[in-house]
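So, here come the structures, one by one.
The same chain A turns up in both complexes below, where it pairs with chain B and then with chain C.
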Partner chain A sequence: MVRASLSRALLSDYFILGLAGVYLLGMAPAVPGLLSPLNLANLAEIALPLMVLAMGQTLVLMTGGIDLSTTSNVALCSVIGGMIMSGADEVLAGSALAMPVGVLAMLATGALVGLINGLSVARGGIPAFMVTLIGMLLLSGLAVRLTRSLPISDLPDAFVAISGTAGVALAVVLPVLVVGHLVLSRTVAGAWLQSVGQNAAAARVVGIPVERTVMLAYVACGVCSALAAILLTARLESASPVLGQRMLLDIVAASIIGGTSLFGGRGTIRGAAFGAILVCVVTNSLDLVGLTFAVVMLSKGAVILAAAALDAFRSRLLAKAEGSA
Partner chain B sequence: MTLRSFLSTAVLSAGALFMFSGCSPKSDQPTVGVCFETLQTEYWAESFDALRTELESHGFAVIEAISDGDANRQLSQIKNFLVRGVDGIIVAPKDRQSIVPAIKAANDAGVPIVCYNRPPAEGDHQTVTVVADNFALARDTVAYLVEQARQKGGKYRAAILIGDLGDENAVNRREGFNAALAGTEDFIEVVARIPTEWNQEKARAGLVNALQTHPDINFIFTSSDFLLPSISSALQAQNKWHPHGHADHVLLGGLDGDATAYQLILEGYMDATGVQDLYFEAEQSVQALLKLQREEPVEARILDPGFVIHRDNHEEMAGRTWGARVFARNQAQ
Partner chain C sequence: MTAPPPALSLQGICKSFGKVQVLHDVDLTLPLGQTLGLVGENGAGKSTLLNILGGNLPINAGTIALGGLDYAPTGPADAERAGVAFIHQELNLFENLSIAENFFLTRFPHRGPRVWGVIDRHETRERTREFLQRVGLAHDPDTVVGELSSGEKQLVEIAKALSVSARVILFDEPTTSLTRHEAARLFDLIAELQAQGQAMIYISHDLDDVLKICDEIAVLRDGHLVRQGARDEWDADLLVQAMVGRKIESLFPSRDLTARSEVVLEVEGLTAPGRFEGVNLSVQAGEIVGMFGLVGAGRSEVLRGIFGLDETTTGRVRVGEGLVAHRTPRRMMERGVALLTEDRKRDGLFAISSVSRNFGIANLGAYARNRLGWISRERQDRAVTRLRDAVQLDSSVRENQMIRTLSGGNQQKVIIGRWLVRNPQLLLLDEPTRGIDVGAKQKIYQLIGEQAAAGSGVLVVSSEIEELIGLCDRIVAMRSGRVVAEYPTRPFDREEILRAAIQG
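Then we have the complex of A and B:
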């Protein structure tokens, strides 16, 4: 009975959120300020971009692919937006149009990169790992080339304010997550995505437009990268060609912790968002404790490894549950 | 993995984290957060240790944070310091722009903040920067090389390895190099300006390419000593790695004053390096922090004049060169 309840809890998306909550409450007595309003605001600031990125990665992972270029896409979108919006002799310096045009350009850049990735994978038949690994190099190189490695500052106040309070950023991210969740769980497109990831050949036989579905997943991932670039660029008040460079492991970890299968066909936006929260809570608490860099890296690695083990265990439970149904 | 073994692992991990958390400083001890972009070169690692020693000698507990080259993470870490209620912050910024929101956050919280070695972008934020006089150090180091070249005679073809131009220090070092070479065009021609973005692989690849295009390069200045292994590797591949006195010796200068540079000066492969006096910088950073805490006036920028160590003065200057201390420590181990 207890075993069955635990199994049900493990299979639920909310298990990860519960784990994050238990972890927070458990660590609170030992970590000064962990539950303070200031720290919870900090947590929201770092978790929101990761939630969006994990959502995009989840959509691609569900097709059986992976997007390794997502962090370079973040950097490129940041640089493109910065070049348009900066008041320091850039394209629309000082103009009221600077912010809307800059934001639109960032979203368009992200979508375009996603489209190129999607076309290469779906139509070109090139493995996603190769396409996006090469994309990572090309986009990074382009971002560095455009800026000659220099960060871009003097962004419009209205743009910087996006990340000024967690409330504004939340108002940007929450609708995107809700729409993503509804599309994936309640629409035909979501069902197609799942089918394509589980068995592309079978999906094709039953008339699902496999290529188009895969392409759309990469485009959505690209748009998510752009959205994260907007949040991160506003937070740092500057655009950078190396923005988000170190986030890839956190993004993939958040998706997998959230129950997305590396083999495709399984995943939820809710789970990915909860996975991102857990990753951020662990990172934040380790930083607050003031551990040495080496111990932080070791501890974080151990948590991610434990999450991967949990994923394997959940997969086995799920297979058993499906077998007995 | 069974459910029981998974739960056991989870409980053990939580216990381990709890034990680690016991390492935090006592609540009644004043605390300073020290946040570095990286510890991946000798200079940063030795600076971090010097700051810790200096802070502890003034009775501070130290909380450390390393951003691993990630500006977003650095901002989070500094906000974490503020959550912890630290009494001061010393930060080696990732870059001059992205550190600004962190300084503003510290200002808003009324916590004094000192920038170590990298100045932030200008603005209405309040901070003190302790930084080496990179322009003068590079200029004086290259001037020594120029003097050696003049004494030896002949024509020289020069290369400079330039750092990340988003880093004001790299720009000042390049300008110092240019200033020292002004007026020497009759016998020194700069044939290669190699961008490295503070990356060893890029430095090596760039220098190898330059040496293939200009095999007669015989004068090299590196904007940081941590690139010396890349330079020695590239020169050895071209059979151009010879000590002072050899007919094909390449005049070699650098900046930082690390243990590799000191050893190469002893062995004669390197001619000079500009030494950042990191013990002075650490002391000045802590002094600035103390003054800010007492609300005493303090200059916005404190310059470390540093000095040049070269073949002719290394015995005299070794005691003040941090790289010589590291070298001696390494030899003793």
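Then we have the complex of A and C:
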């Protein structure tokens, strides 16, 4: 009885969210200021872009691929947006059009990068790992070249306001996550995505457009990168060619901790979002303790490893629960 | 003077998984030098029994004696040391290693002191060669296993069993992935081993093979031993009756052979270089057409070519009235065509998805509530409930259960149901009953018959000639990528069809 309910709790999608909550409460006495309103707002600010990125990554992981170029895509989108919007002698300096054009250009850039990734993987048949590893290099190089490695500041106030309060960012991110979750779990397109990653050959037999589905996953991931770039750039109040540089492990970890399989076919947006929250809570608490960067990295690595091990354990439990049925 | 103990004797074997008892008090005896056939439906407990003997599972009660000595293996390696060799249904060889490496992976002959870990390649090769010769394989021991055919891999496994001088060899469905030639070769080898006094246990769904090969046959049903008896005491009908616990009147549906005229499939000169050439075929509404040929004759390829899964270079395919150019699975589905592929695991199942999803995946459009593709769970659930009755899915199967946890027969029912729900006017079926038990087979034949009676055309590919003879209204034979003969009406001459398919 106890064991049954314990394993049910372990298998629930909300387990990771619960874990984040327990961690937060458990660490609160040891970490001063962890639960202060200021820090909670800060926590939301760093968690929201990560949730969006984890959602994009999950869609790609579901197809059995991976997008390593996502953080470089964030940097490139940021730089493109900055170049269009900045008041310092850039294209649309001071114009009222600066912000809408800039945001659209960022989204278009992200989508285009995703499309190129998707085409290379689905049509070109190049392994996703290679395509996006190369993409990571090329996009980073491009972002640095475009800015001569200097950040671009003086962005329109309306744009900066997106991250001015956590409320606005939340109002942007939450609908995106909800729509993503519903599309994946309740629509034909979502069913295609799950099927393609599990067994592409079988998917082809039942008439699923395999290549198109894979391509769309990469495009969606690109758009998510652009959205995260908007949030991060606004928060920083400047566009930077090294934006999001250290986030790649966090993104993949959030997705995997949230129950996404690296082998494709299994994953949920809800899980990825909860995974992102857990990763952010851990990072934030370690930052607050005032450890050196090296120790933060070590501790974070250990925590993510533990979470991944726990996930492996959950998968075995799931297989067992299914097998005995 | 007492008689020598049997090669293997099992007494009162019980085995449970959790609360479910899968073996009840099973007694079996394998006399020295004999072959014991083990038959039963899927889930009867055959594989569990073999896994116990192979050291993969412990028993809950009972005793096993191997050559008169207590036998309680702690694992597969222990079983192998004791002299029990397990030839797995899904071959257990490392595809990336050579034959010799597979042979000696855990016990390479060494050069110099053992701790240096230097393999004696020459010795390895020579000893491997010796055992390969015994099973009639002329391959170089350095050949990479991945390059061998299924039949050759099987022979390698047997040679490996011989190399450890096994007291008992266990065969689990050894012929499922073999061509007819390869199976014949396997039977020759088994006969030779029998002549040498090798004790063996042989599990198969193919009752004819079991009746041909085995000295003794035991039937399991629902984890109970129904009876063990000498071969002479059994025939195919008695075996089936013992397996399912009732008499099966007829495996095949009765056919109403009224005249038909409406053509649902017309294939003219279809060609895919290297696979098949100039294939002409037609299927009428309500007709079941069988396509017989050896593995490799190009039968599956023709089905895949018609369905637009593989490219074809020339030739025309007409479905109903219309010519279909640029065939893709999607276009063919829109015209009411369905394809059941040969290999469930490879291109049929979405293994970690639910039974419902596997049912619904070919018909998602019908469950969509609007143009955004929002799936109506209610519509899908209704279809699934209807289907599970139609295909008689076991009542223990839950709709949200992962499909990979189902038995082969239930999986196949789900995958056939996936297509039947579309009510196709043309069903292309590739080995529809491979690796499933008699009860499920009968149900699937019945479903095919019903679909034809409702006016669909059916084209069935099978390696089992009996299946086609029992099921079909017309049979075509293929050899080396060509249609070589057609047998338009019953009764069919088994020998003649076989000859056409085999002789060049």
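Rule of thumb we're sticking to: the second predicted complex is superposed on the first by the 324 of 325 C-alpha atoms of A that agree within 3 Å, B and C clash if a C-alpha of one lies under 4 Å from a C-alpha of the other, contacts with A are read in each partner's own complex, and residues count from 1 in each chain.
The criterion applied here is as follows: a residue touches a chain if its C-beta (ideal position, glycine included) is under 8 Å from a C-beta of that chain, and two chains touch if they have at least 3 such contacts.
Just so we're clear, the structure is a prediction, and the values are computed from it rather than from any experiment.
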Practice task
Kindly say whether there is room for both chain B and chain C on chain A in the superposition, answering fit or clash.
Solution key: fit
Practice task
Specify the partner with more touching residues on chain A, choosing between chain B and chain C.
Solution key: B
Exercise for the section: Classify the contacts of A:Val206 with the two partner chains as first (chain B alone), second (chain C alone), both, or neither. Expected result: second
Exercise for the section: Once the structures are superposed on A, label A:Val188 by its partner contacts, choosing first (chain B), second (chain C), both or neither. Expected result: second
Fill in the blank from the handout: Vertex chain A, Cα centroids of chain B and chain C as endpoints: angle rounded to a multiple of 10 degrees is 130
Practice task
Enter the shortest inter-chain Cα distance between chain B and chain C once the structures share a common frame, rounded to whole Å.
Solution key: 18
Problem - Contacting residues of chain C [partner chain A, same complex] - result: 17-18, 20, 307, 309, 328-330, 333, 339, 341, 346-353, 357, 360-362, 364-365, 368, 372-375, 377, 398, 401-402, 405, 418
Completion exercise
In their shared complex, chain B is touched by residues of chain A numbered 3, 6-7, 10, 23, 26-27, 30-33, 36, 38-39, 42, 45-46, 144, 148-153, 232, 235-238, 240, 242-247, 284-293, 295-296, 299, 302-303, 306, 309-310, 312-313
Fill in the blank from the handout: Listed in rising order, the residues of chain B that touch chain A in the complex are 1, 3, 6, 9-10, 13-14, 16-18, 20-25, 27, 33, 39, 63-66, 68-73, 75-77, 79-80, 82-85, 95-98, 100-101, 121, 164-166, 195, 197
Handout entry: Footprint of chain C on chain A - complex, ascending
Key = 186-189, 191-192, 194-195, 198-199, 201-209, 265-266, 322-325
